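Below you'll find the structures, each written out as structure tokens.
Paired with subunit B in one complex and with subunit C in the other, subunit A is shared by the two complexes that follow.
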Partner chain A sequence: MSHLRYSVKRLLQAIPVLLGITSITFFLINAMPGSPVEVMLGPTATEEMITEASARYGFDQPLYVRYYKYILAVLGGDLGQSIHYGVPVTEKILERLPVTILLLVSSFTFAISVAIPLGIVSARRRNQPIDHGSRVVSLIGVSTPNFWIGLLLIIVFGYHLQVLPSNGLVMPFTPISEVGGADSRLDVLVETGRSLIMPTIALGTLQMAAISRIERSSMLEVLGRDYISLARAFGVKESVITRKHAFRNAQLPVVTIIGLQLTSALGGAVLTETVFNINGMGRLIIQAIRTQDYALIMGTTLFFGFMFVVGTLLTDLTYAYLDPRVTYEGEQ
Partner chain B sequence: MPDSSWQENRRKFLQAAGAAGIVGFAGCTGGDGTDTPTGAATDTDGMTERERTGGTLNFAQTSSPVELDPVNNNGGNYSIMLKNLVYSPVLGYDRNTNLVPILAEEVPTLDGNEFTLNLDPDARFHNGDQVTAEDVKYTFEATVEEGTSYSANFSVVDTIEVENDTTAHFTLTEPYVPILHAIAHQVVPKSVREEDTDAFGIDTFVGSGPFKVTEFEENDHVTMEGWDDYWGNGQPYLDEVTFTPINEPTNRVTQLQTGEQDVINRIPPQFWQTIQDMNDADVVSGPSLSYQFAAFNQNEGECAKRDVRLAIDHCVDLDQTIEQYIKPGGGRMYSPLPASVANAWDMPLDEWKNSWSEKDIDRAQELFEQAGVPDDWTCNIIVSSTEKRRQAAVSIANGIKEAGYDAQVQYLDFATMLDRFDSGDASQVNIYLLGWSRAPEPDRFMYELLHMDGAFQGQYYDNERFNELLEEARVTTEREQRREMYIEAINLFVEDRVHLPLYYTSVSMGVKNYVKDLKPHPVTTYNPYLFGDRNNKHADTEGSNVWIDR
Partner chain C sequence: MSTESAETEHEQEYESRVGAMHAFSRLLEDTSAKISLVAITIISAMALFAFVDAKLLDYQLAEMFLYHPLRAESGARPLLPPVGLSNQFGDGVLAHPLGTDTRGRDIAVRILYGSRIAIQIALVSTTIGVAVGTAVGAVSGYYGGWIDDVLMRFVEILYSIPFLVLVIAFMAAFGRNLTYAMIGVSIISVPIFARLIRSEVLSIREETYVEAAQAAGVKDRNILLRHVIPNSFAPVVVQTTLQMGTNILIVAGLSFLGFGAQPPTPSWGQMLSIARNYMLPAPWFSVWPGLAILVTVMAFNILGDGLRDILDPRLND
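Right, the complex of A and B next:
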């Protein structure tokens, strides 16, 4: 089966998954105590006001009717209207999405580019000081919550050293006039880089730590195999063995963990965006939950579910690229 | 859009005035109108208007406004704070929480269930149009027609008759003295808002306040410029103010330290010292109109018994709790009335202060036994997710446990809290902790919160005399009579331990020293008090006009 056919099939399989996510989220948020109308109107709202507003937003209809209407709307590409913002949910997601994507890409780039060399070096220098150091760094990275790393970075580099901005994220396409002190696009890009450093480290450290440990153990396993011993016996240089014979074969578990880390990174983005005051999807979700904005909660959850499905699919396809022996549906 | 030629002319005038040594107008040179504000308010003797004029103030809020339309109330206080700078209200509050006219010529006098409102004929919107009685009528009626959360404030208004451009006659469905506080509300231009209701407050901002919105990007920033053509007395010194929402307090404090923000709002207690240790900044603070309380569910369950409520009062050392967890961000309360309201009404605060019990576990145990509380009783305490309230809830629970009973504290999100606090179901709630902030008028802190028909009551304190007093007080126009009624009602409240009044929260801001004349206002949403009392020409109160001395 070609990769394309496989991809299409996997995307089709994602439909029941997304339907499941939609259904579970819909019924769970409706089971929550309180109502978005009461939050919107405030504590002094009278019964009449609540009834009138409930009718206006359709909350007076039976749950199954609302569910049916919602599913139909979603199938038509309409994620509904945010009560809190008074705009379509899709508009709000599209507004915030580029910010979170930039943050995720940046943090994964950081995590992978640090973790893979660190894992390889640790494997090659097993039980030597550099391996111990790497282990300590990884343990700290795995066990420290990313918001805490963020706060520490702010205190050190923002408060005391005052070398990095701690607030917001300058997007690369922000108009030059809106970025303080910027005279050219290059200046804007420099500001983008500066504003990304701390959130990237805060969000990417967990990924970096997890990937580096997997990289290390996977490399150790591959380096201990017979064909590597044979290569050594033939006098092949250690650097060549690592680069040409071991590295690619050791990446399958790493790809798996990178795919899975996407979910935790999306969760981490919520906290990172809050700490650094970045207007991405994470803060949008927080706001949606605080205000019980049903449509926005549904829309963002559905979108995150979709992102996860795509992430898993990409992981599977990367498998096939890395190891041609990986089969799809029994075909070689 | 700003009129640049006008601005240029004003600059030239101010430069000339400065050169001639004209000193800033009265009301801008310090002084202190609040009870106990502390901090960086700086005397500015010797500075000319020219020297004070100009500059951009960067202000960090904790959350972003959602919209800036006074008819709506999305975004809560974070929106209202900004609306108060852009839209003038009919009436406002001075620093002593007295009602003062802003768009009105004078504070109207209630005659039974009627009153006449006279507007200042000079009042203008940013687009140059006169603020008319039709605009006032439209604004108040729109809140009701559009079903916004402000509609409850105006539900008692039967008709508003526009007599001419500057006069409107209000008829109420019943006599209701606090209506004057309801009309302390900002006015929108009918013609502009009606043109595109959805865009108003999001893309279109036409008010009559001293600042004009030039940019609004939700969750990013709001930029305002001082309105040089302000119709009241004087104009703001500040050229521009930028509001940035920064939710995380560490981040806010860092931004103050680096100078990216000149003022940051809401300082958590743990950061006060950090700011005070900065060489170039200080904390400015003062009490706000807030009332944080622990209410007893008297509908059913053990807390319906007065002895149990008295016992719980004996279980906890509130002074210590507040010293440990609330100060310097607030202080102890002894009645539902904030100190500024109580002082303005000359209430017997000392008497109420002495009526609450000292911690005495032995006495608490006696009272519990006397009330016949079973040994296996568990007190259910619910609290929303505010850190200070949580600490207070834990202190109360610990006290009850010390007396030999179990107590569970449940942390709920605000929506769940709203759903549960007034259930009256003792299996879900015996005590709930909430906060309340309203206009500086006793009715606003008493009726909705404590009367059996109050919209925010959940304690079910069904005392006939108490309810009667609150009903009578809101229809009695004679202030002294009202005062006596409230004193009697609060005496009953204290005797019966309807609530445990806990603490007020402070208005607190971290302020760079070069920001001058910024003082806290007890009405939380009046802060930052950049152009105090709007320097309005009718009120005989001290104003303020914040400026930057770089």
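Right, the complex of A and C next:
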């Protein structure tokens, strides 16, 4: 089966998952105490005002009608109106989304570019000091809360040494006048880079550690295979074996893990954005819950699920690209 | 036939006991696993002490031997640094070895009492997750067909919502307290165990002894409970240990955001969220609770790795 047909099939399989996410969040949110209208109108609202507003927003209808209407609206790309911000939920999400995506891309780039060399070196120098060192680093990495790494980085680099900004994230397309001390686009980009460093490390460390553990054990397994021994017997250089024969075959489990790390990274983004006061999707979801902004909670949760589904899809396609043996005939 | 099956059962039980003893003695040969086991024992003992004192004795032990973890002593000084250091609030004193928090409460005592929440989460939510996940995964893998499809789609949906977001949404709906945090964290552990058990069951289902039991007319329920689940337990034990660490991390994150144990009950994540506002004057306050989380989670991870080396021969390279 061609990759295209496979992607289409995977996309179709994502539909029931997304529908499920929508349903779970819808019913969870409707189990919340208090009605959205009461929250919106505040404590001073009279009975008539509540009844009138309920009718206007359709909250007086039975649950299944509202569910049906919500699903239809979502299918049409309408996630409803944010009560707190007074703007459509999609608008708010699109405003915050680039921030979170920048943060995620940056931390995964950091994680992968550190973890893969670390794992390979570790596997090739097995049980030598460098291996022990990198295993300790990854063990600490998977055991440390990412928000704590953030706090420690802020204490050291933000407050003590005062070399990095500890508050907010400057986006590359921010108007030059809004960035303090910037005279050109280049200054803004430098500021983006500087403000990204600490959140990236805080969010990416867990991923880095998890990936390097898998990379090491996967490389070890491949390096122990017969065809590698054969290559060695033919006198092929160790560096060539690693690069040409072992590397690609060892990456399949790594790709799987990277895909699975996406959920923890999305959850981690909520914490990292809170620690560094970054106005991204993660903070939006917390604010939505604090202000009981029903439509916004549902919209953001759905969108997080959507991001995960897209991420897994990308992982699967990478998998197919890496392993020519993978065929999807009759596969689930 | 009944005597025969009783005999095989007896033999199996005997073998698994030998297996467990053997595994345990091999675990003790591994130095790092041994250290982690000691660490977990100490932390659990701390948690048990805190639990007994908080729930049964109303902090009498704390007041007798230590400090009250919820209330400050009269004349207590806030934000004192650890012993041997000094800051604008004064010099560290031996009476408060790790310093005091914003209300002048002893940080060391609060960390001790915070261990209760961590261990409680690790035990309760992981156990529920394992139990439900095992049931779902075993049924799904053993029966296959539409049951498998329905259950696995549901598991996939649960898995697709980032877990922190799922628990927060769950707690927003039902209430912010520790019980709901634990239930929420159990729910997100379910997919992990369901998938694991299902894949194990799929391979065990094809084994000759399962076929033999089916041919002998043993009920499905009994085959699942007596043959399939016990034989797929090695990876579950490993995953359970690792999951305990993960769940402690998740609940620390929840508490940090204000969705875990509610003040004044001390928990490590919540202590960090208070400390966050005093990073400039009292950086040490942010260090200790995080260190406690790190040590605890690391102990579970090391133990899990050690168990994996012993129980899962496929991964022994």
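Simple rule for what comes next: the second predicted complex is superposed on the first by the 305 of 332 C-alpha atoms of A that agree within 3 Å, B and C clash if a C-alpha of one lies under 4 Å from a C-alpha of the other, contacts with A are read in each partner's own complex, and residues count from 1 in each chain.
Just so we're on the same page, a contact is a pair of C-beta atoms (placed from the backbone, for glycine too) under 8 Å apart; a residue touches a chain by one contact, two chains touch by 3 or more.
Keep in mind that what you see is a predicted model, and the values were worked out from it rather than measured.
J.: Determine, under the contact definition given at the top, whether A:I154 touches first (subunit B), second (subunit C), both, or neither.
T.: Both: A:I154 reaches subunit B and subunit C.
J.: Counting only touches as set out at the top, which of subunit B and subunit C does A:H245 meet: first, second, both, neither?
T.: Once the two structures are laid over each other on A, A:H245 reaches no partner at all.
J.: Which partner does A:R216 contact after superposing on A: first (subunit B), second (subunit C), both, neither?
T.: In the superposition, A:R216 touches no partner, neither subunit B nor subunit C.
J.: Looking at A:L28, would you say it contacts subunit B, subunit C, both, or neither? Reply first, second, both or neither.
T.: Once the two structures are laid over each other on A, A:L28 reaches subunit C alone.
J.: For subunit A, which side has the bigger count of touched residues, subunit B or subunit C?
T.: In the superposed model, C touches more residues of subunit A.
J.: Using the superposition on chain A described above, determine whether A:R124 touches subunit B (first), subunit C (second), both, or neither.
T.: Neither partner.
J.: Once chain A of both complexes is superposed, is A:Y85 in touch with subunit B (first), subunit C (second), both, or neither?
T.: first
J.: List the residues of subunit A that touch subunit B in one complex and subunit C in the other.
T.: On subunit A, the overlap between the subunit B and subunit C contacts is residues 32-33, 151, 154-155, 159, 274-275, 289, 292.
J.: For subunit C, which residues are in contact with subunit A within the complex?
T.: Checking each residue of subunit C against subunit A gives 153-154, 156-166, 168-170, 172-175, 245, 249-250, 252-253, 256-257, 269, 272, 275-276, 279-280, 283, 286-287, 290, 293-294, 297-298, 301-302, 305, 315, 317.
J.: Considering the complex alone, what residue numbers of subunit A touch subunit B?
T.: Within the complex, subunit A touches subunit B at residues 32-36, 38-46, 49, 52-53, 56, 84-86, 151, 154-155, 158-159, 162, 165-168, 274-277, 279, 283, 289-290, 292.
J.: Which of the residues in subunit A end up touching subunit C in this complex?
T.: Of all residues in subunit A, those touching subunit C are 16-17, 20-21, 24-25, 28-29, 31-33, 139-140, 142-148, 151-152, 154-155, 159-160, 217, 220-221, 224, 263-264, 266-268, 270-271, 274-275, 285-286, 289, 292, 297, 300-301, 304-305, 308-309, 312.
J.: For the complex, which residues does subunit B have touching subunit A?
T.: Against subunit A, the touching part of subunit B is residues 66-67, 73-74, 147-149, 151-152, 155, 198, 218-220, 244-248, 250-251, 253-255, 257-258, 260, 413-420, 448, 455-456.
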